[in-house]
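Below, each structure is written out as structure tokens.
There are two complexes below, and they share chain A, which is joined by chain B in the first and by chain C in the second.
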Partner chain A sequence: MSDLDYQGVWVFIEQKNGAAAAVSWELLGAGAELAKTLDVELSAVVIGDKVEHLCQEAFSYGAAKAYLMDDPVFHYYRTEPYYKSVCQLINKYKPEIVLLGSTSLGRDLAGAVATELKTGLTEGCTKLGIDEKRLLLMTRPAYSGNIMATVVTEHARPQMATIRPRAMAMPEKDTNRRGEIIREPAAIREESIGVKVLEVIDSSQQGSGTVNLTNAEIIICGGRGVQSKENFQLLQDLADAMGGKVACTRAAVEDEIAPFNLWVGQSGVTVRPKVYIACGVSGAIQHLAGMRDSGVIIAINYDRQAPIYEVSTYGIEGDCLQVVPAMTNYVKELRAKKAN
Partner chain B sequence: MSSRAWIFLGIFIIAIAFFIWSAYRRFRVIGLGQPENRFDARGKRIRSMLLYPFAQLCTLSRSYLFSINHAIFFWSFLVLVVANILTVLGGLFPRLLPTGPYPVLALIFELAWVIALLSITVSLLRRLVFRPKYTLPMSPDAAITMSLFVVLMVGYFGLHASQIVQGIEKGGAFMPVSNWLAATFMGNTSIGAAESSGNVFWWLFSIGLLGFIDYLAYTKHTHMLASIPNCYFRSLEKVTTQPREDFEKSKTLGVGQIDQFRWTDLLDTFACTECGRCTDNCPATATDKPLNPRTVIHDLKYNLAKNGQLLLNKKEAVLPLIGSDHEGSVATDAIWSCTTCGACMEMCPVFIEHVPKIVGMRRYLVEEKSQFPEELGKLFENMRQRSNPWGIPPTDRARWALGLKVKPFLTGRTEYLFYVGCAGAFNARARQTTQSIARILDAANISWGTLGISEKCCGDSVRRLGYEFNYDKMVKENIKMFQDKGIKKIITSCPHCFSTFKNDYRQYGVELEVIHYSELVNRLIEEDKLPLNESVDLGKVVFHDSCYLGRYNGIYEAPRNVLKAVSGKAPLEMGRHHERGFCCGAGGGRMWMEENLGTRINTKRVEEALKEDPKVICACCPYCVTMFEDGLKDKKASDTVKVLDLAEIVAGALKESK
Partner chain C sequence: MLIVVCIKEVPDAAYINLNPVNGRLIREGVPCILNPFDAYALEESIKLKEKYQFRVAAICMGPPSAEGTLRKALAMGVDEVVLLSDPAFSGADVLATSLVLSAAIKKLSEKDEIAMVLCGKQTIDGATGQVGPGIATRLNYSQLTLVDRIENVDQPGKKITVRRMVDGWYETIEATLPAMVSVVPQINHPREPAVRMQMMADRAQVTRWDNTVLQLAAQDIGLKGSPTQVRKIFSQTMPESEILGDGISDPEGAARSLIDTLIENDIFSV
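Right, the complex of A and B next:
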């Protein structure tokens, strides 16, 4: 097998109910650069049920071609039909690079495809590049983020990587761009699939779901120090003003002042927002485990010794019930000024 | 030989053959189990057999008042075994009875019957009238066994009363009960009628006895037979930790089917009396969780009965071991509810090993089925990648030592490795304990050092949770590091690290001198090597036994002595303490799981502690400290009651160093 048999950069367009995941467009942006360096074509892989409109959207984000498999069998994501179909496309059209978002779907699919094709896969990349031998340089944090590892897939093809959401910039959208749609039939029929989807329970419909938390860029988290359900409204006000989401600690759930599905921590949700404001949170290790990788951590706690201050970027020593409303007012003022 | 002897011999042979066949079937299904060497240390084993079943330490040493009744019954039963054999033989070969000691024996036998009857009556009353909650209502099995026992008794006394009337009873003068019966009920009986009634009673007795023996093999009363070998083949290690898993051979990992247990585990099921002491002491049962250790053992026995013969014939098992609602199958929720606190094993009169069985089934769920509570996914990932439960960067491991003079362990120069442990290194609360221990060690001029950021997790949680594959890797890495650095003596802060190094790592052929700091501090105080202030007033202190320190390693007095030395008075005890100490709820990897079933174990333990109205709850384990602090917050008592690690109390009493 010669490397030259494989050409082109592919981006898998992840979708749910016909709406694409933002990371897919980010990858088209990154893929375009790679394609330019290699002087090859950038293509999108669109798989789903009634998803043709995504091809046009892919063109507007820079894809020149779209491989489309549109079939009811793809209505819900299931590993088997998706990976078999992607493998069939790859075997037929032989791209040299295949990129997917490092989401739960992307990671599941990429692993299955790479195993089937016996090729390399680098998971959770934050940077991509091309070396002088035209190899894809896939960079990802290793050893708890203490070093960055750059991985190459030297011999096997395609070179596969999943890329973390928001690691790449969102490209400009140009709805005037057009491309070529290549239709392919699904690689598998419903009858031969072992897994049937009976019902999808959407966690985002159960109150303010945990799904929203993992993607939130700003999180205002309340702990036992918030003291009551009513006081959580203060946090909600700040979240509304800043465009963020409210979360809570286990202790707040225990005290029944906040709902279970907002709980951040070891056995709750793990979050990594850009800004994390911890209000009345002491910082028990089980909580820290769920949020310590956040970008900027602002701790509001009257106890200077609270362990939350060990991980915080900024600390505000004081009663969160006084500090939070002041912050809300300030943010509102700033917004008003900006609006003027 | 008389015709009676020939007829009896025929029946006897059939009955005994049936018994041997039943026993052989049991023996064969036990043989389905995996190999385990319990044939070593014969002397110790014989001793254990003499002390536990025969001298009844099995029941008497487990601090249950009712045990006395069992011991009395057991001993009278032993006497009656001799009495019964002699009675059968006497009927067959009248000349065989020893004339000299026979009258004395006759008296002893009659007394034994009376005592046994009294003791059975007490048992019956206990089951029927004032039944303790942890025991089961009387089963049909027990009713039949007891009835057979009564049949035997009627036969025995009827026979001897008849013989007294006939005037042929050699021990007649020494048989008060038989004499009384003869006088009361057979006063007008002719000799001829007495002879035939004697005949009837002898047959009743003999057939009853054979029936009793045969029936035994099919009831929970098999324990009379199986518990004796079970005490012989018990684990001689104080802490009955789970066996290693063989990853080399391609076989199922863990225990997913009854024949994947060790043979000793299967023998255990026959030895079980269903007395319920395990259940009475189980923290999961006490908080209404689906785990009930007695039921687990019962289910395994039932499962073996259903599947054993099939498996022997190389057929497929019909009843799943795990996950079905059917009797004979263990619920997954039960398997995950165990805190591995070991109270069940500590209290079991016949050395049944519950925890290794549960861990075995966890291994199957984790390693074969990938089926475990969702929260554990994160824990396993963190352990694999960063060798700590929270997934904190390993470079943070030495942060507790910032601002302190802590030296690394230097090969050949440092004596003790102070193994900090994950909680001690990362958890802000436990770090205070770590820092206290560092101060104590310095104050006593001990040569110590740490592994700094190269320290890894000991593997306790992953092992108890059944992720043995990863544990195996962790142990090997740690042992290599210990050997490379020439580490032979280890001081630990956490009882879990302590017990894992001391008892579990031994399975890898390493002998480490592992010391829990509470033992070390106790020794230092005894040797007067620790500069302490006169005494510190802490108010009322209640002490909590950590399972992995107390029950697992028998360290009960060291921490209490230390508390006494430091505060001037012995600590208060909770309702359950020492061997019967109640788990905080975090052991066995429960620390990393949600506690959604039943009520909270830590809340229950905190309530027990609060009954003593303490100012301070003292523990020696980072898990216990966390569980108590959380429990106190739930009880809104965290402002009035403090939770302190023993090390913090000792460090607070140190004389200021110059």
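Right, the complex of A and C next:
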């Protein structure tokens, strides 16, 4: 089969309980640019239970078409019904590019789809482009983010990529845009599925054992420079003042400054908040791997040579134990002024 | 029944650098380690063995030197290890890697019925997290990623119940066996091998399978069997960070200037 049989750019719209993940709209923005360069159509793939409204939302973010599979079998995300359905759509309509968010769900689904279709998949991209041969250029960090790699899928189709949330800009929404909905039946029936979802719990409702750092917009992270459990409370105070959450490095866990469940890093939690304030953090490569995709990184460390400065947008050369309480006080002062 | 754990030997990320002249990865002198995420899969397999009397095999695709990593698995308590090593396997991307691992798992299933395949969440070098789903799809196993707790394994009923840790929520899932389970670091604390086990592992025979054993078509493995190609690698360059105020003599002023800067740039609001 020739590459020319495959045409168009598709974006998988990830949703939970009928609400779309923001990354899906970001991908429609990125997909629109690719489609424009290639002079092909941009389409959304909407799969779920009572999710037709997401088609119109996809049109308002730039899709010209939406492939819709609306069936109770898709109520909860499960790999098998979703991947078989996506494969069926791809085999029937043959897009040249399929984009998904690099999220828990997107990564689970993309791996199954690419394997079934025997095509290439590039995970966790932060940049996309098109080369002179109309190939999709997929750029992603590798080796804990030290190195970037640009990957292509020369012959297999479709070219598949998952893209990190917030790597692409959110496109303008225009509710006047319209598009075409193409309805397709589910590729699988409930009786043949071996997986059942027994219970779903929002982790923010759980006890102290779990802290959901992955959704935090502001993270105040403490490293060895925080020195003690008592000092760590200063970070908590700043987090409370700014409306953020506290986190820590592995060194801080080892020194018993902060608990294990707050550990951000390669083997801990990976986070991408809007603002990441690293206090007394030197920036070991394993730590950077867990946070370097944050929007704005701020280093508060008296050692200007510390690697944390290599990934930071702003820095304060000083003792975090003096700077952090001063920040807390200033935020409170501004809040009080505003309230008056 | 058998549990197969897939592990990988990876270069220690702390030592990875690019040659500034030719833009290639510098491999000389970079120590190799067991992929840190795989230690959790190994630990979980040993726990399941202790609780449910499974046999455990660990497999690893890599160069002959990766034998050392399999010995680490033996020292932790797995019963059997197989190194999948053939120059024809090298240069494999996700698709070609999952093919070799799946073929080895199939071969192991000739001797003993497989209950599950355990994988780490991802590797630290490729970090795709896609080899597990690749194996599940190829073998038609239940695919259970991001598992932070194995609640129950019902061997006669061929069912497994796990908890998955997904962005912002937990879900408890029941699935049919065999299953591919990839685990997150929150699942356990990997053990340090006892000295006695380490000594036993150092002396043990490591089985090695090359492609004369697995009999895979040449166009499906290694570089040839990989649909993705790396076109370019480069170092990530970051702009210099902007230093605000004088944090040493005037921490208060620096703190204020930081908050003001965040507010001016719409990064933070009060």
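Just so it is clear, the second predicted complex is superposed on the first by the 220 of 340 C-alpha atoms of A that agree within 3 Å, B and C clash if a C-alpha of one lies under 4 Å from a C-alpha of the other, contacts with A are read in each partner's own complex, and residues count from 1 in each chain.
Here, contacts are C-beta pairs under 8 Å (C-beta built on N, C-alpha and C of every residue); 3 or more make two chains touch, one makes a residue touch a chain.
A quick note: this is a predicted structure, and the numbers were derived from the prediction, not measured.
Colleague: If you stack the two complexes on chain A, which partner ends up touching A:K274: first (chain B), second (chain C), both, or neither?
Modeller: A:K274: touches chain C, not chain B.
Colleague: Check whether A:L198 is in contact with chain B, with chain C, with both or with neither, and answer first, second, both or neither.
Modeller: Only chain C; A:L198 stays clear of chain B.
Colleague: For A:V323, select first, second, both or neither according to whether it touches chain B, chain C, the two together, or no partner.
Modeller: In the superposition, A:V323 touches chain C alone.
Colleague: Once the shared chain is lined up, is A:Q266 touching chain B (first), chain C (second), both, or neither of them?
Modeller: both
Colleague: Return first, second, both or neither, reflecting whether A:I285 touches chain B, chain C, both chains, or no partner chain.
Modeller: A:I285 sits against chain B and chain C alike.
Colleague: When the two structures are overlaid on chain A, which partner does A:A169 contact: first (chain B), second (chain C), both, or neither?
Modeller: Neither partner.
Colleague: With the two complexes superposed on chain A, say which partner A:E310 touches: chain B (first), chain C (second), both, or neither.
Modeller: In the superposition, A:E310 contacts both chain B and chain C.
Colleague: Quick one: chain B or chain C, who's touching more of chain A?
Modeller: Of chain B and chain C, more residues of chain A lie in contact with C.
Colleague: Just which bits of chain A does chain B share with chain C as contact spots?
Modeller: 143-146, 266-267, 284-286, 289, 310
Colleague: Report the residues of chain A in contact with chain B in the complex, numbered from low to high.
Modeller: Answer in residue numbers: 143-146, 224, 251, 254, 266-267, 270, 283-286, 288-289, 292, 307, 310.
Colleague: Which chain C residues qualify as touching chain A in the complex?
Modeller: By the definition above, chain C touches chain A via 11, 13-14, 16-18, 25, 36-37, 93-95, 98, 124-134, 136-138, 142-146, 161, 165-176, 185-186, 226-236, 238-239, 241-248, 251-252, 254-256, 258-259, 261-263, 265, 267-268, 270.
Colleague: Quick check: in the complex, which residue numbers of chain A touch chain C?
Modeller: Counting only chain A, the residues touching chain C are 76, 78-80, 83, 103-105, 107-108, 110-112, 114-116, 118-124, 137, 141-156, 194-204, 206, 210, 212, 214-215, 218, 242, 261, 266-268, 274-275, 284-286, 289, 295-296, 298-300, 302, 304, 309-319, 322-324, 326-327, 330-331, 334-335, 338.
Colleague: Would you tell me which residues of chain B are touching chain A in their complex?
Modeller: 375, 378-379, 382, 385-386, 389-395, 399, 423, 426-429, 592-594, 630, 633-634
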